[in-house]
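Letters A, B, C, D and E mark the chains as written, and numbering starts fresh at 1 in each.
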């Protein structure tokens, strides 16, 4: 029979003002299973807690009920006190007599009766409590970073510098992400290659980082501390160990007419290529879809000319299995391209380009090595019109959010154009300038005042071509909405930032949720922005939402610090309030019928299918559900769902909840 | 009948089955389940319109499973039960051959569950007229009368659990009724206990019952318990568009949700 | 044994007099669902006469589905007060029993009262008078002749009425029967043969053959095949006039509650489940075998009589339509 | 083949030649057009700016009449009428309450699911398949196809594939042996309703359209909406004054151009009813080689 | 006879409604004392049988309240609960149970006032309805005789 101690707190007089605490303690003493009951002015104070600890020893108590403030306040405090007293902390429960009784009801007999009822409920719950022990989950101290952009690089370096192993997986042949495509970066206009390339090299040379480029995550299973990840190393057709990166192959490669993704389609590349000069690893890869050898079985020149004999057509995709403790998702973003805008010519006008293409024009390693030239005829444009908010903040286009970075890089583009071509005219059609970062607004003011970029507040309704010129029809809402027509040589659309096309499949592989724009969902927008609802999976960079480089880097370091916290101890302890599927002796093994309908109920995919096998013959005797304590967050939806009650939630078990309800209703209110 | 018997005989010969669950005519001239293990007993096999028993319930029994390869003669409700049970990961350990006789008296032997699913979807049965009439009658009653009607019905229940035994969807090794830590449902055959038992049974069958009507038919005391689950299936289709026993990857109404499920009672 | 006759016209009068005498009269009533049930009745016109057998036996009068053994309430001083008033058990007359049912009452009496008498049953049985009516019709499920009974035997009944044309041949076999007879309606009569008025029940098997072969039937391989159809419900046990298994349950809370005796059935999966979880009768075959062996072997050894009276209820009510006498035949085959 | 026909006020009045040419072409290709009996005004832009219920009830009455007449499909050549009928139909089918309310207004029960065809859909479905046998001449001229506003907008009603740069009329013209030009003012505004109140505005807007077409060498402008035709054709003197340029490019309805290619006489197609003489366009026609 | 004081049990989720009730406490909002709260981690954890047990043990009214849709701390607990209550309510309605005695609501951690009003509202409603006696007279009484007339009227 349980020996429960009931401790009623006066809480100064917050409780005793309207509840007859002495009567509550007296009534509690009479309840079945209660061995000792007392009331005291400040239970949560030090003397109060020592009273509990002494009472446990003196009366050999097996359960504690503290009638005081809300469990959300001092449950932890009293559980620690109970633990000091020598009993399992989960045998100590709180009866909420302050927020839900004394503070909200007048001093009447009914209020005291309610207090007694609440205490009786919790006494009954404690009598059905079982000791619970924190769940210890081993942690593999290796982190997986998906995506090699600045977010992935920053996170990987932070974790690696903290002494943990990191595995980085990058889809394209080289790390660097979109940042490597930029010319200069706002607001300091320092060249992005100069600040990024050292970091990329540091990643490549860091002893703790294993870099897999031209590789994709195939599947993710397991749980925090114990993820099993399958990574597909796509066949590069180049043996990395032998290749010296000399470049003979991509100079001699005959098929030269493949649009270069790195230069956003403004130039062409060969079938065997390395994305950009500062690529890390600077080793080429064969684009099998466009390589004559693979498509038509002819050619093979690169193999002949390669001095190091590194070309190997027979290379196959390879799937490797890695065990990691935590994952940083830094899969970056994409932008809408000009064909998304029917009113600006369906992408058919050559001189209407998007922001990334302008970056490549302005970049020294770009197709025009830094000179701003028109893609159509290569002339230097006299007049360029920049359109901010192309697609962003536009419900009709289905993109109602602001892409955050376009105001700044549009100002930068205009500034770069003016620096390279002083007598050129730059116009910017904008709705509102959003330059909220450090030195951001000063940067835009400089573009307007020093480089006299003409900012026109209005939207452009249509662009059409007329004898070589682009007629931009807009309006100037600050000049009583006069229609404005500019004959421009080139138009740059600051198109909307959107999620990567394969973001949804990446999210589904990792069972993390994503919003309707396929940006990954953070656990809590304000309080847990770098974590996801799946324990152990962090977010960094624009895959969570549009973001500039400073925010990305700080979020990447934040994600890294979360993981360092996780890796700080060998084992991870978890609240033991988790669901458990019952197991019993053969031949039944469990009352679970193996219908596995509960697998879909669990928001954390914590319930798995288990095959109970005969140890000798290995034959499957029964299929049943099994809860993975690492993933289960203890919501209990599966417990109320299970038809024959085979699954129960520790801390809120069926027996406890039913005994609470029955105890509550025995006496008149 | 001959066609059916030849087909079963053939299945026995080529060893696809070594136990056939079908119907035979009992002394009292009713079709009753029969279990044929030897070719000699095949000529007992019959199949008529009033072979209503849902034979898929026998596939849960260990004695039947031990037979190894099992043939089962299934009416449309039994086929639906097989589809629903497969969607609930049951019968993974049974090698079964499903036979049915369609309304054109042709004997069909299904090679796999996908074929059964297609056949079920093609001939998906509606609710029986008589059930709908009784349900409309109940709905026309006032709340108090309905309560009086059902409490009287349940007062007659003697907790023989034939409705549970005969239902293919009730295959839990230990039913919640037999759980006494905590004692959810009172075991004594008194009205409140019976009421809770039948409410629990209806909730557990919501979205799973395949409407074979056996429970209502065999209740020794004649309580129309099948009406509870017929109403459930109607509501679930109206509310969430889900049909039980319709697809192998069936979407079971109670373990999925749509963020915009509509209801009018939550303030 | 006294023999009397009563005209058919006087039967309703006799019945209504019984009701007027303050006794609770339980008689078969035809329900709209087509089944006939024993129910307390106020006048003879409610009583149904042309039925073969009631769906459920009348044992619930003497051995109810749910019987309150005693109730307890916690007093102020923490002690418990127990109450058990059997005063409200009424004097009851069961009218319209079939001869097989009435002989079943003999078995019930032996079972409950032979070794340590069950006070509750004893009181209810003393306050019950059994008036049976011989069977004029039978159906394929009846097999009373195979277990040593016949559609007209008197065993167990206080009064047996047999319809003979326009009058009833009355055989009074107990004092209780005599006390209920009001002499005005009955006239003395001589012994007559009832043969031609009784139903013809074909003998399905003879108990003598069964009696020895059943000794070795326990391990017969036929059990598995015979009980393949059994789904483990309680319908046969609950409708059977001679099934006597029960389970004790307490309902209530720490403050007050009652102890109940409820019917149980050996067909249920959890019937023989031990507290440890071990279940000696782990499969349905073993449970079905237990039911048949109890009726045809163990009760013969313990009480000397076969505890199956051949009423056929278990055959009619079984969802899988298992046939008890077919099973016994197949299991005890040579 | 019988197809319902809803003329609307313009095709009875100012653009009579549009309906004449439509009938001529349909007859040629063996399609009979059955006018909806007792049809009423579609409400045009006046109704939906004054009273929402009225703007749905007016066209709904036409839908109800068509249904009663047993027509399953109706061709609605005028873009404004098509817009109003389609919008009313969409509102009715989406919301049962609106259907019931409208049924009360027009006191006629109807379901409202009649198939509405724009002139392009009609040509695509009925004329194109048989056009080759009937096209005997080549228009042999450069045509600038002008869509204006209501043929292309709102996007979800007109169901055009590329609402900003439609190609429906170009396909027809190619079939009729003309060479459509790529120009920038396909869907720019011609001034529409300002024709009476602010004719100067129409002159400016329509002027720019004509100027761009002329500069790109168009021999004729093809339209499919009465409003476009009246502003580009009727207002030509004001346009010439405004542009100070003598632009005499004729403005043909698509059904007229198609009719010409089928050898139907200019008179039958109502080409004599234009303000800008259409002789030039007719003279370019040459026999189609075998 | 003293005015009928209804016994109402509230099944609430810990993250939203329980916190809302605490907020009502911290802002000293006074409300009726007829409601006793039973705390659950999530509305998804509330078993329909607990509602039946509450009424069987003498509750006159039940409140079930948790997080608003999309607010659930466990992302989807309340969605599953909502579907369960739609199904459970329609069974109770078919059987003729007075479903008005069960009040479902969403109360977030910030809606202390809403919790107080909900309690007062439900208390008045149940007080107007009177004690829940539907289950009282059912046990022990042999209602068998009446059951058949109703079956096939």
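The rule is short, and it goes like this: a contact is a pair of C-beta atoms (placed from the backbone, for glycine too) under 8 Å apart; a residue touches a chain by one contact, two chains touch by 3 or more.
Nothing here was measured: the structure is a model prediction, and the numbers come from that model.
Minimum number of contact steps separating chain A from chain C: 1.
Seen from the Cα centre of chain D, the chain whose own Cα centre is farthest off is C. Between the interfaces A-E and A-D, more contacting C-beta pairs are found at A-E.
Centre-to-centre separation of chain C and chain D, using mean CA positions: 91 Å.
Spacing of chain A relative to chain D, judged by their CA centroids, is 53 angstrom.
The geometric centre of chain B is 32 Å away from that of chain C, both derived from CA atoms.
Chain C and chain E have CA centres that are 45 Å apart. Residues of chain D in contact with two or more other chains: none. For chain C, residues touching at least two other chains, in rising order: 31, 33, 253. In chain B, the positions touching at least two other chains are 173-174, 184, 190, 222, 254-256. Those residues of chain A lying in contact with chain E across their complex are 70-72, 96, 98-101, 103-106, 108, 110-111, 114, 117-118, 121, 513, 533, 577, 601, 603-604, 633-637, 639-641, 649, 652, 654, 657-658, 660-662, 664-666, 668-669.
Only residues 30, 32, 584-585, 587-588, 662, 666 of chain A touch chain C when the two sit together in their complex.
Looking at the complex, you find that chain B touches chain C at residues 26-30, 32-35, 37, 53, 57-58, 61-64, 158-162, 164-166, 173-174, 178, 186-190, 214, 218, 220-222.
Of all residues in chain A, those touching chain B in their complex are 588, 591, 593-598, 600-601, 609, 620, 623, 641, 643-645, 654-655, 658-659.
Across the interface of their complex, chain B is touched by residues 48-49, 52-53, 56, 69-70, 76, 79-80, 82-99, 103-106, 118, 134-135, 138-144, 146-147, 150-151, 153 of chain E.
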